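Read the structure below first, then the notes.
As written, the chain order gives the labels A, B, C and D, with residue 1 at the start of each chain.
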Amino acid sequence: MRDNRKRARELRVAYIGGGSRGWAWGFMTDLAMDGDMCGTVSLYDIDRPAALRNQRIGTRISAHPDAAARWEYEVADSLEGALRGADFVVISILPATFEEMRSDVHLPERVGVWQPVGDTVGPGGFMRAMRTIPMFVEIGEAIRAYAPDAWVINYTNPMSLCVRTLYHVFPQIKAFGCCHEVFGTQKLLCDMLAREYGIPGATRQALSTTVTGINHFTWLTRASYGDIDLMPLYAAFADKYYDSGYDEGGDDNWMNNHFKCAHRVKFDLFRRYGAIAAAGDRHLAEFTAPWYTRSPEEVLGWKYQLTTVDWRVKDLSDRLKRSDALISGAEDIALKPSGEEGHLLLKAVLGLGDMASNVNLPNRGQIPNLPLGSVVETNALFGMDHVAPVFAGPLPGNLLALVARHVYNQENTLAAALACDRKLGFTTFMNDPQMAAVPVPEGQRLFDDMLENQRAYLPGGWFR
Amino acid sequence: MRDNRKRARELRVAYIGGGSRGWAWGFMTDLAMDGDMCGTVSLYDIDRPAALRNQRIGTRISAHPDAAARWEYEVADSLEGALRGADFVVISILPATFEEMRSDVHLPERVGVWQPVGDTVGPGGFMRAMRTIPMFVEIGEAIRAYAPDAWVINYTNPMSLCVRTLYHVFPQIKAFGCCHEVFGTQKLLCDMLAREYGIPGATRQALSTTVTGINHFTWLTRASYGDIDLMPLYAAFADKYYDSGYDEGGDDNWMNNHFKCAHRVKFDLFRRYGAIAAAGDRHLAEFTAPWYTRSPEEVLGWKYQLTTVDWRVKDLSDRLKRSDALISGAEDIALKPSGEEGHLLLKAVLGLGDMASNVNLPNRGQIPNLPLGSVVETNALFGMDHVAPVFAGPLPGNLLALVARHVYNQENTLAAALACDRKLGFTTFMNDPQMAAVPVPEGQRLFDDMLENQRAYLPGGWFR
Amino acid sequence: MRDNRKRARELRVAYIGGGSRGWAWGFMTDLAMDGDMCGTVSLYDIDRPAALRNQRIGTRISAHPDAAARWEYEVADSLEGALRGADFVVISILPATFEEMRSDVHLPERVGVWQPVGDTVGPGGFMRAMRTIPMFVEIGEAIRAYAPDAWVINYTNPMSLCVRTLYHVFPQIKAFGCCHEVFGTQKLLCDMLAREYGIPGATRQALSTTVTGINHFTWLTRASYGDIDLMPLYAAFADKYYDSGYDEGGDDNWMNNHFKCAHRVKFDLFRRYGAIAAAGDRHLAEFTAPWYTRSPEEVLGWKYQLTTVDWRVKDLSDRLKRSDALISGAEDIALKPSGEEGHLLLKAVLGLGDMASNVNLPNRGQIPNLPLGSVVETNALFGMDHVAPVFAGPLPGNLLALVARHVYNQENTLAAALACDRKLGFTTFMNDPQMAAVPVPEGQRLFDDMLENQRAYLPGGWFR
Amino acid sequence: MRDNRKRARELRVAYIGGGSRGWAWGFMTDLAMDGDMCGTVSLYDIDRPAALRNQRIGTRISAHPDAAARWEYEVADSLEGALRGADFVVISILPATFEEMRSDVHLPERVGVWQPVGDTVGPGGFMRAMRTIPMFVEIGEAIRAYAPDAWVINYTNPMSLCVRTLYHVFPQIKAFGCCHEVFGTQKLLCDMLAREYGIPGATRQALSTTVTGINHFTWLTRASYGDIDLMPLYAAFADKYYDSGYDEGGDDNWMNNHFKCAHRVKFDLFRRYGAIAAAGDRHLAEFTAPWYTRSPEEVLGWKYQLTTVDWRVKDLSDRLKRSDALISGAEDIALKPSGEEGHLLLKAVLGLGDMASNVNLPNRGQIPNLPLGSVVETNALFGMDHVAPVFAGPLPGNLLALVARHVYNQENTLAAALACDRKLGFTTFMNDPQMAAVPVPEGQRLFDDMLENQRAYLPGGWFR
């Protein structure tokens, strides 16, 4: 009768992409700091040495004297090995290498398409999806076979398509996708309250917001803090900082940090569309016509940065060094919350505390004017073995026109990837708003070259 | 910028049906006990003396030394007078008199239809709707004209049709319907946990349930308490007490109390349908084929009672005496929570604390396999100036077959009432499951007689 | 480039249930009389001798000197043998024997349920579905495997569930279901025009009607002949003959013919519901509350007949004698159109002439207020390799309440049959309107006994 | 009982925009040549002298010795005068003058947007909608008031929005929109059959096609002629003439005729999208990214023409001269079919012959993956007082992505026009694919200037 409580002490978590440098460390730390759950994390990675290193780091974290829970870390030899018996599955993989990512992000520059991230939509996101979807087909089939009752959290991009693929392969899967981009905008609202309106102490969790849209192009159409309506406050805030941008302070302003921004794109979207776009500017800019990405100069003017692959290479090298330090003990383990919510959602579905948060789920009507089945991001209620989306209402007409376009592309991208369909693939690739000004013949050459650049990671069907 | 806070100190509540004996007293007490809000309640009733008496009772309650808030009570001369400037509207009216109710409840006995309540569905519910819908058309039009931004809580039966009518008349209305029947079943689960499973202390609010269906025929398809799944526990509970019924104790067992029951109908439905019917047995029994209502003996066998109009007459007389005592001071005012949630929902939409509860709202997809627009009962999240249904999921196939029938009847009942359409009215009247065994000619005579019995309260269109 | 024309000369038709006595003869005659197509009919029947007899009869029909086309007839040893290479598949089977049908039709009489036909809905239709659905699962899987591109026409009852099962098993199937019940009502309208209004010469094909509903409970919500609106004419007609019934003449009036009726049920439904029910009264009476079937006397009063299984046994014996005569030549082959349309629909999908007719197809929105995917009957346009339903519009509210109930039962019946689910099966069985007055315990015993009576034809899952 | 026949001899047709030079003459000729109907045409035009001239022309046509029917022509003083008693309403107006059209078509050239027509979508179509929608609000309200039972045929552009506005104002209106662009593509298929495949004699009416999409961006996803599948034939045809274009012959090749084209756009769309785009290339080119309209040179390369307003001014001057000649008798009246189908659809709804054709109607599910209520173009069946769309099926994914975008714009354009909402208007204006490469500030100036240019024809709400 009380299996869950027992289960919470003997959990098995399968971590696919368990060699992750960085994100995994935060997750392992969050687990160590929470006394309500313990068990075993099985790390699986096609880069087995990386998983072995994380096993050692995880074991060190778990052994920290202040840890509230002791977790075992093991390395699995196969997807099956990781998944058998799993209560939870976490998926956080890097599809292919930086070389493929370099093609995704930078090759389109030759036709004048500058992508700030290139992993979600745009030509880069499309191409990344072509190689990622087959991987998620494999993962989804393995979950169906070996862990059909497990709860599955995805962190991999392109988020919408990864979750969509899992449900396509295994419609009964209990999967959702988590992303912290909305959190950042919620924190911006708290910051605004404190600094602009003299109302300190607001936390992201204390805000009441209606979240709607799709991952990385998510919107707040309503926001309040207690009995304070935040929408008029944000309108004044956006006007005030429209030209200068808004600096959240600290050393990490947008000039120094690839992930930071001055929110000018966000403010511009608010002034034209009347809703709060809830992601970093570098993500938001990729979903519209090339208003914010026309050239590196235009990007500079909007005060955010293009995240180059060179920067990523450098950043990884730093993280590898940190990995060495964590293993060797040269760096002390610090028990500091990661800011992610994954471990809290695990607790919620275990029945250890209901909670609400924004997640990516198939549309069951939570956004009634988007197609059913497409993956959308809204709030949901998490309870014991249960997640229920909260009705977000129809997208306002002007946002619908922006968002629906990507939802249709999402469906066509999936279909093209599953069928290795060059015709459907190319029309979808060209339908991305970032490609709107590219002539068809140039687009065709780009499409062919980008496919060729990741040939090693694509099914053979593409090259017959 | 902080209007709401100010507003919470100067609220105006229009109470339509403000002469109510009983329910109003509880509401006024709940208001008095809550220090977060205060303001004025404007009582409107076509029985103006009753409103005046409640004004005196309300004023006494508000003057109680332990009251946390002081409310003013006034009596309005007209709907318009009550509504102008209202922040909230509470509707709790008795449509017509006990004589019409006597026809609703007891006349169908002549064709072998025994109705335990007769105010929701069945021939009695249909007829009550015929006179109530025009009243709600008037109320809805007045709200549209005089208080279009007010939040509106309905407590009147037939609940679904009252709320449906308000939205029909004024689609932008911010109305919902509250009913405590689900609360009773949630309390039964808490009682079961304590007495059968040795887990004391559970409260209704601490349960996590998926609520779905329509008012008085609502279902819990999922229920947990912390990490305990209540469904298997309830299955064993229903089996154990299937024959004997379950007595929640106290003096008020089903033999002595018109509203109590031994839950045998609920248990029978669970064993056949696999979900927890969440209303009193006397309500539930009215929604199915005449399995539980075939005769007074059958009712006795299922261990609940028919609520006769004679009993209601007697009960009202008791309440009138109590009214005298409350006015004269012969009875002391006791500040005791009513158990209703209306005042908490007011606070939530004021931004004084988000909460979730089950309410009656138009279907926007929260139950995706019921028609959009029909009024259904599910959980919803209440926040500042905002209510969002929680996705309940599709009704399971066997429940859908039971519930959808009443939803179609709901729509046809509304259409018949609005158009004074005897043909549509009669086919709808005959489509009620309680009428299934009645021959058409007998049904026709009953229909005609029941309309005639409430002629004074119907639009002239019926008798042309 | 012109494969179809060639194909029309070398067609392969798989006839499943090819031993049929009667219906098959009509189909073979229709084929012989049409010069636009020829080819081979492969007869498959689990009663192989019956198929062999029909092979001889078909060959004789094809050899008739006036035949416009010569068809080959062969007998297949297996479903696979019949289906391989088939352009068309015709399914017309008798699931089990008259003994099972006797249980379907007559056992429910013990609880007061008198079924005029007992093969579509009601307890008999439900039980017939339990044994037929597994057969159609097998047939659908065979079509998917061996003839996925063939067009499939079903004539077997319960029609809706047979077609529904085929699409469940093989969603890409090109199947539809044909039934002549609507034709009969259309002919009644022509007869009315000639005899009551002096407008001779109307034919069924010349009427313009909106057909909507489900098989055997189909409705005409609009009917015209040229510029004549037939609805007011039918209203007067229904009034005139309401009491007496209407006799279409000939020897075959309702007293002598198990399939004829005096249309009193149809007239009664029209007067209450305002639309023309389009099936024989014996079918219509099974879909409503027991208004027309309460007792054999009630049936007599409505002037139609209960089709007993004894009559069917006798009728089959007559048809077997006729089969002997057709084989031996004691009876001459007569080339007379059957009145069915199957062969015309084959021609239409071959591109030999577009046509419109009423058929049973999954709901794609042709009746927008019924669930998508359920099988409904409306008009459709047939063209080359193509069938498109015509939009029938939403069912009027009062009809919706009657029809939707059976659609929900249809879905639950399928689910119960696929899963051998006694709980879902029983609640569905009890939800049939004919069962509304039956107490649950009596219903349970009837359900168990009826399942037991066809144990030999059910999957083992039912009896575990 | 036979009102319709009588009615067909005494019809009243209200012709709104009855001063039309050209289109009206064809319609009057079609009426004169058809012996099944006669009556009165009431011409209404805000240019009353033009209506008076057409009255004289119509009277001459009707008096032609070979005319099969004599129609009366009168000029109405007001919308009300034209509409009272009307059985049919024809709407064919020119909203504003060539000066406003000059702004629509040519002003966007300053931001590099070259519009071949500029009356449907794109910046020109949007601006035309802003002034046309208020006119259709007025017309719809007048029809609701004075001729609610009349059948209404619209010929005005922007077609989708005109029809959408009529249904918005008066949801029970019996309106549809007719356009001959699909006819042209069907004729191209007939021409292809004759000239390329040696199959002469095919007519547009003899083809069987699935028509789907929206006006001027309509698609054939299926086409056959008898038993010949036209899709593979068209594929070969498109390949063969991809580079050269296809010339239908006569003097009117694309170089000399503003409405002709060489179908290169159509062929390019087919090769990429796999369906036959069914409108003139100059219309099709406006619905996609600026692939075919980047510059006048690009247009030339695709072998169609930009229809300049200068050409329109010249063309009107020619038609005015012809008008003089028709009135004076200098030009003989020629009874030659116009090729339009309006008069046939009138006959069909009178019950004088069912027919199928492509028309613009609100989506009731005929294209299930487009929003309900938006105006789409598919086949429909016309019968007595009845039009029913034929199910076209879901748009294929790649077409859906192209078409849905315009459907969302359609809804937002309507909402902006009704509310004079500059914010919504501008985001919608910028969401048009032709505007994709235009920077926001330039777009804003263009938007403001184009509104200003038609200030005289806009509601005052725009300029507050």
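We adopt the following convention: a contact is a pair of C-beta atoms (placed from the backbone, for glycine too) under 8 Å apart; a residue touches a chain by one contact, two chains touch by 3 or more.
All values derive from a computational prediction rather than experimental measurement.
**Q** Among the chains here, which has the CA centroid at the largest distance from chain D's centroid?
**A** Between chain D and the rest, the longest centre separation is with B.
**Q** Whole-Å distance, chain B centre to chain D centre, using C-alpha means?
**A** For chain B versus chain D, the centre distance works out to 54 Å.
**Q** Taking each chain's centre as its mean C-alpha position, how far apart are chain B and chain C in Å?
**A** Spacing between the chain centres: roughly 46 Å.
**Q** Assign the assembly's chain-to-chain touch graph to one of these shapes: line, ring, star, complete, other.
**A** ring
**Q** List the residues on chain A that touch chain B in their complex, please.
**A** For this pair, the touching residues of chain A are 1-2, 4-5, 8, 197, 208, 210, 222, 224, 226-229, 232-233, 350-352, 354, 356, 364-366, 368, 381, 383-386, 388-393.
**Q** Show me the residue ranges of chain C that touch chain B in the complex, using the header's touch definition.
**A** Per the touch definition, chain C meets chain B at residues 268, 272-274, 289-291, 294, 369, 371, 397-398, 400-402, 404-405, 408-409, 411-412, 415, 423-424, 426-428, 430-431, 433, 435-437, 439-440.
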